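We call the chains A, B and C, going by the order they appear; numbering starts again at 1 in every chain.
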Amino acid sequence: MDRIAFLLATGLARGLVIALFALSLVIIWRAARIVNFAQAAMAVVAVFVAFAVTALTDSFWLGLVAALVAGAVVGYAVERWLIRLVPARTPLPGMIVAIGLVMVLQAGIGIAFGPQHRPMAAPFSEQPFTVGGVPVLSPYDLFVLLVALGVVGGLALLFNGTTLGLQMRASAMAPEVSRLLGVRVPRMVTLGWMLSAAVASLAVLLLVPTELGLNAHSGDVLFVHAFTVAVLGGLDSPVGALVGGIVVGVLISLVTGFLGAGLAPIAVLALLTLVLLVRPGGIFAVKEARTA
Amino acid sequence: MRTPTITRAPARTFVAAAGAGALLLSLAACGGADEAVPGVSEDTITIGTHQPLTGPAAAGYSSISAATSAYFDYVNANGGVHGRQIEYIVKDDAYNPANTQTVVRELVQQDDVFAVVNGLGTPTHSSVLDFLNQNEVPDLFVSSGSTAWNDPEEYPYTFGYNADYHVEGSALGQYAADEHAGKSVCVLGQDDDYGETFLEGVQIALGEDGVTTYETYETSNQDVTAQIGAMQSAGCEVVMLATVNGFTALAVGTAAQMGFMPTWMAASAGGDYPTLVEFLGEDVAAQVLQGFTSVNYLPFSPDGEWVELFTEINDEYNGSAAFDGNTVFGMGVGYAFVEALEAAGEDPTRESLVEALESGEVVGNGIVPLAYSAENHSGYDAVGITLVDGGVQDFVGSTYRLEGESVTAIEPEQLPLDGNGIPTAE
Amino acid sequence: MTTPAQRRRAVLVRSAVCTLLAVGATFVLDSYANYQLATIAAIFCATAGLTLLVGLTGQLSLGHAVLMAAGGYGYALTAAPLADAGVEGVLRILGGLLGALLLAGAVGGLLGLAGARLRGPYLAGLTLALVIALPAISTQVPALGGAQGVGVPFEGVPDALGGVVSIEQWHAWVAVLVAALAVTPLALVRSGRSGLRMRAVHDDETAARLAGISPARVKTGAFVAGALAAGLGGGVLAVVTQNVSPGAYDLAFSLLLLVAVVVGGLGSIGGAAVGAVLVVLLPWLIDTAVAAVGLPSELEQRLSGNVAVLVFGALLIAVTVVWPGGLSHALGDRIRSLTTRFRPSRTVPQQLTER
């Protein structure tokens, strides 16, 4: 029982970061109807900026702000100067360009900074509280939980409760009609990219202190897990991303704990396959169109 | 360009070799522009290696070849070997066996290297063993602790260098039995050949049931909380680590956060103190790594004469790059190769190089002499125990040799630094 | 407009000519270049299938490397027992290739079933997870040998040719012939009715269904066809490199295959060939150039490997944005005349490229 409680707690902690990153994928899907395969690489660039700021000012919080700002800037730059040039009739060219962007960014970072891991210190203690002798969440994990809940709440408010959010969703689902109704569609799309990149940068920033350190490949595994989560939860649903993130985090933790680290990627694949077999659009997906 | 068909049948090999020999002689006699021996010219010897310079595995290993190159630069500045400068071509394979295939073929068929030296990685180098041996390219000092390089029958041109994981595991196991008798021993290993072979080594010393629990980790997942938790609840008092430095840091750091403080004992690939300090930070490292045990077989002692020399070489020829275990390792490999080249004679050929190694003349600069022979291509067969005390990692004196299935405590026979640290022919 | 019979004949003639040219080239190339040719041929098997999959049916598979790996493992697991049983030479190669086809076909069939149900990013995500899981699968299934992989029995030059032909040349021949065997059916499919059905399904699934075409069957068929070809490619690579390991078929490799088909031109077999040549030769050229420039060794270390990836990424972006049809269109008449025979009509390329 102890073992399970411990593994659940660990899984929850890890899953929250995955969920946060998955949320960024949901944002970009809702705002621009694409899956941004370059999300992790863009986030890593922003976190390098944050790292530099923290190194200069010795403050994690300034670094956090820098990550958000840098993320938004990167999102703006990519959307405005790259994505707009891509033919968008089908999602395929967008995905291919994103993959090209990943290669460019990771290679660029590798050339500029080399392969070493740059360790980052967490702002709160990573020593877990013990409940009944079982180590559960640490102050840092609780901080991540608060951030994740905050982002989900904020997003729900934005998309469902504000005009801006409505405009963003409309721009994504029906661009021509929205334009007719006076919505500045290109601006909405850009905003979506900026918001998505900022949230992704936040997720990677929160991940790095728990790992070896920052380097060009920091976001790779996170992206794969987060993509799995986003697909599981349906790319449309922020709640789905949160729940899916926790589920995947817990699954990985339980499998690693009871069956061994080698089975974890297979477990993720199995879960993904199972869900997609039953619900090809993800668990929380809404059917978009009727087919014959 | 046609290469003769390679075959294993001894008679045809002899005929081919004789034919090749006759051809070489005639070419040499003609004094043609063609090099008789690949990679050897009047004033240069060209050798090559494959290393992970990029990709996720690069972080731990990319500095080794730079150190080896620096040592060769030092030797070249002092006249080279038998009047020849050493040219060391380093190719990146990103730890991907498919790339290793390509770059090694480039080295052998395009760059015409004399030998491949210090190819890094078990899965990567395994994929080119057949190619190198079929093409009779000396494959020296493979940079991996796998036991696969010691197979003179199947792979006569391949020589190991590192103390293999059986040697390291059994040494640590025996040390645990000697110094921490009665305590429960667990092993955290990488989920591949490294972890498995190391575990076998520990079991040689402690017996099949000497290990309470064996946990594994995958390099693709940097979260080891579950594994540490399992060992904590199993009550492990000594934890052996068949890890790479990054994961040693993760394991020790995570355990500290969870209030789990066993005696840590790591294999050499995961026991380099300066690298661990980089990962954990000075303060954390000072706390959690006090009493950290590992093994080593090269003269890495911070105040030692070898390190003094290597630091000078590192400053002058390697742009004062960070000095750590990789630097000592890389330069040690360079030293051993220069020794082999000296012994191969004034006009070295690939055969004379292999003969020089099998004759046992090449001893390296380690804690015991390298013991190559016609039957043994394995490399270092003994390691010394190292301890971290007050922020300094050094040998404690206990040294263990593995012979067959038995571990024995021995006295270290560290080669002293002689002259300028460049081996000379006898 | 050409008749189906004319188109078929054109494809077959084209295939025969290319094969003969490639085999002839092996006499002129040195060992390393022959090895590169063999690798290119193996990759061509995979890119030909992938270009049809992505270009004609619009399914983005990020896991094509896994299909090649399946072929490789299938070959290794068949050839090793054959070697133990004393089977030698060409017979063993054929047996191994059969194993490759079976395993790759099985995996491809499963993926195809998934592909039929899943749309765009969901399929991409599934194939991505599959590629990431491959190393774990190879560790958990003992027969697959973990990170070390499985050794492949060495295929020497058969006695009949011994002395006339070198190892690398022989391997290049095997590779080229197998590639011809794998790609010609794909080219025939592409220029025939199946190709038309694929494009119909990609254009508008509902309309296709109304016209009596089953999208699920077409999509699955495309996957299986591509998988069989990729499997043969994987088998060839196993012969040429004597080793199959998961590290050789990782995500980076899958992305490289994607680069090859996009830059070469989606939907174009000739483009797939151009792409295969590109992804094998360009890194080698870049490495040679970087080494020739002679930079300080730390900088050279950082550049090596990274520059090739940077260039490929940039190419991928540039080609998609500027030349959506890929090199097979951008390079104009010379390439066009080579690849025209693969297209039944001249207007079709425009529609393909706008996707």
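General observations
Here is the rule we use: contacts are C-beta pairs under 8 Å (C-beta built on N, C-alpha and C of every residue); 3 or more make two chains touch, one makes a residue touch a chain.
Chain identities (UniProt): A = Branched-chain amino acid ABC transporter permease.
Computed from a predicted structure; not experimentally measured.
With every chain reduced to the mean of its CA atoms, the largest distance from chain C is reached by B. This structure's chain pair with the greatest number of C-beta contacts is A-C.
Separation between the centroids of chain B and chain C, computed from CA atoms only, is 37 Å.
Separating the centre of chain A from that of chain B, both taken as means of CA atoms, is a distance of 40 Å.
Mean C-alpha positions place chain A and chain C at a centre distance of 32 Å. Contact with two or more other chains is made by residues 53-55, 62, 191, 218, 220 of chain B. Residue positions of chain C with contacts to 2 or more other chains are 132, 135-136, 139, 302, 305-306.
For chain A, residues that reach two or more other chains under the stated contact definition are 110, 114-115, 221, 262, 264-265. Looking at the complex, you find that chain B touches chain C at residues 1-7, 53-55, 62, 65-66, 69, 90-92, 94-98, 101-102, 105-106, 109-110, 122-124, 126-127, 130-131, 134, 191-193, 218, 220, 319, 321.
The residues of chain B lying in touch with chain A in their complex are 53-56, 58-59, 62, 191, 216-218, 220-223, 225-227, 229-230, 233, 246, 249-250, 257-259, 278-281. On the chain C side of its complex with chain A, the touching residues are 54, 58, 60, 114, 117-122, 124-126, 128-130, 132-133, 135-137, 139-140, 205-206, 209-210, 255, 258-259, 262, 302-303, 305-307, 309-310, 312-317, 320-321, 324, 354-355. Considering their complex, residues 2-3, 6-7, 10, 14, 110, 114-117, 119, 121, 126-128, 130, 135, 138, 210-213, 215, 217, 220-221, 252-253, 256-257, 260-262, 264-265 of chain A touch chain B. Residues of chain C touching chain B in their complex: 30-32, 35, 39, 132, 135-136, 139, 146-149, 151, 154, 156-157, 162-163, 165-169, 237, 241-243, 245, 247-250, 252-253, 284, 287, 296-298, 301-302, 304-306.
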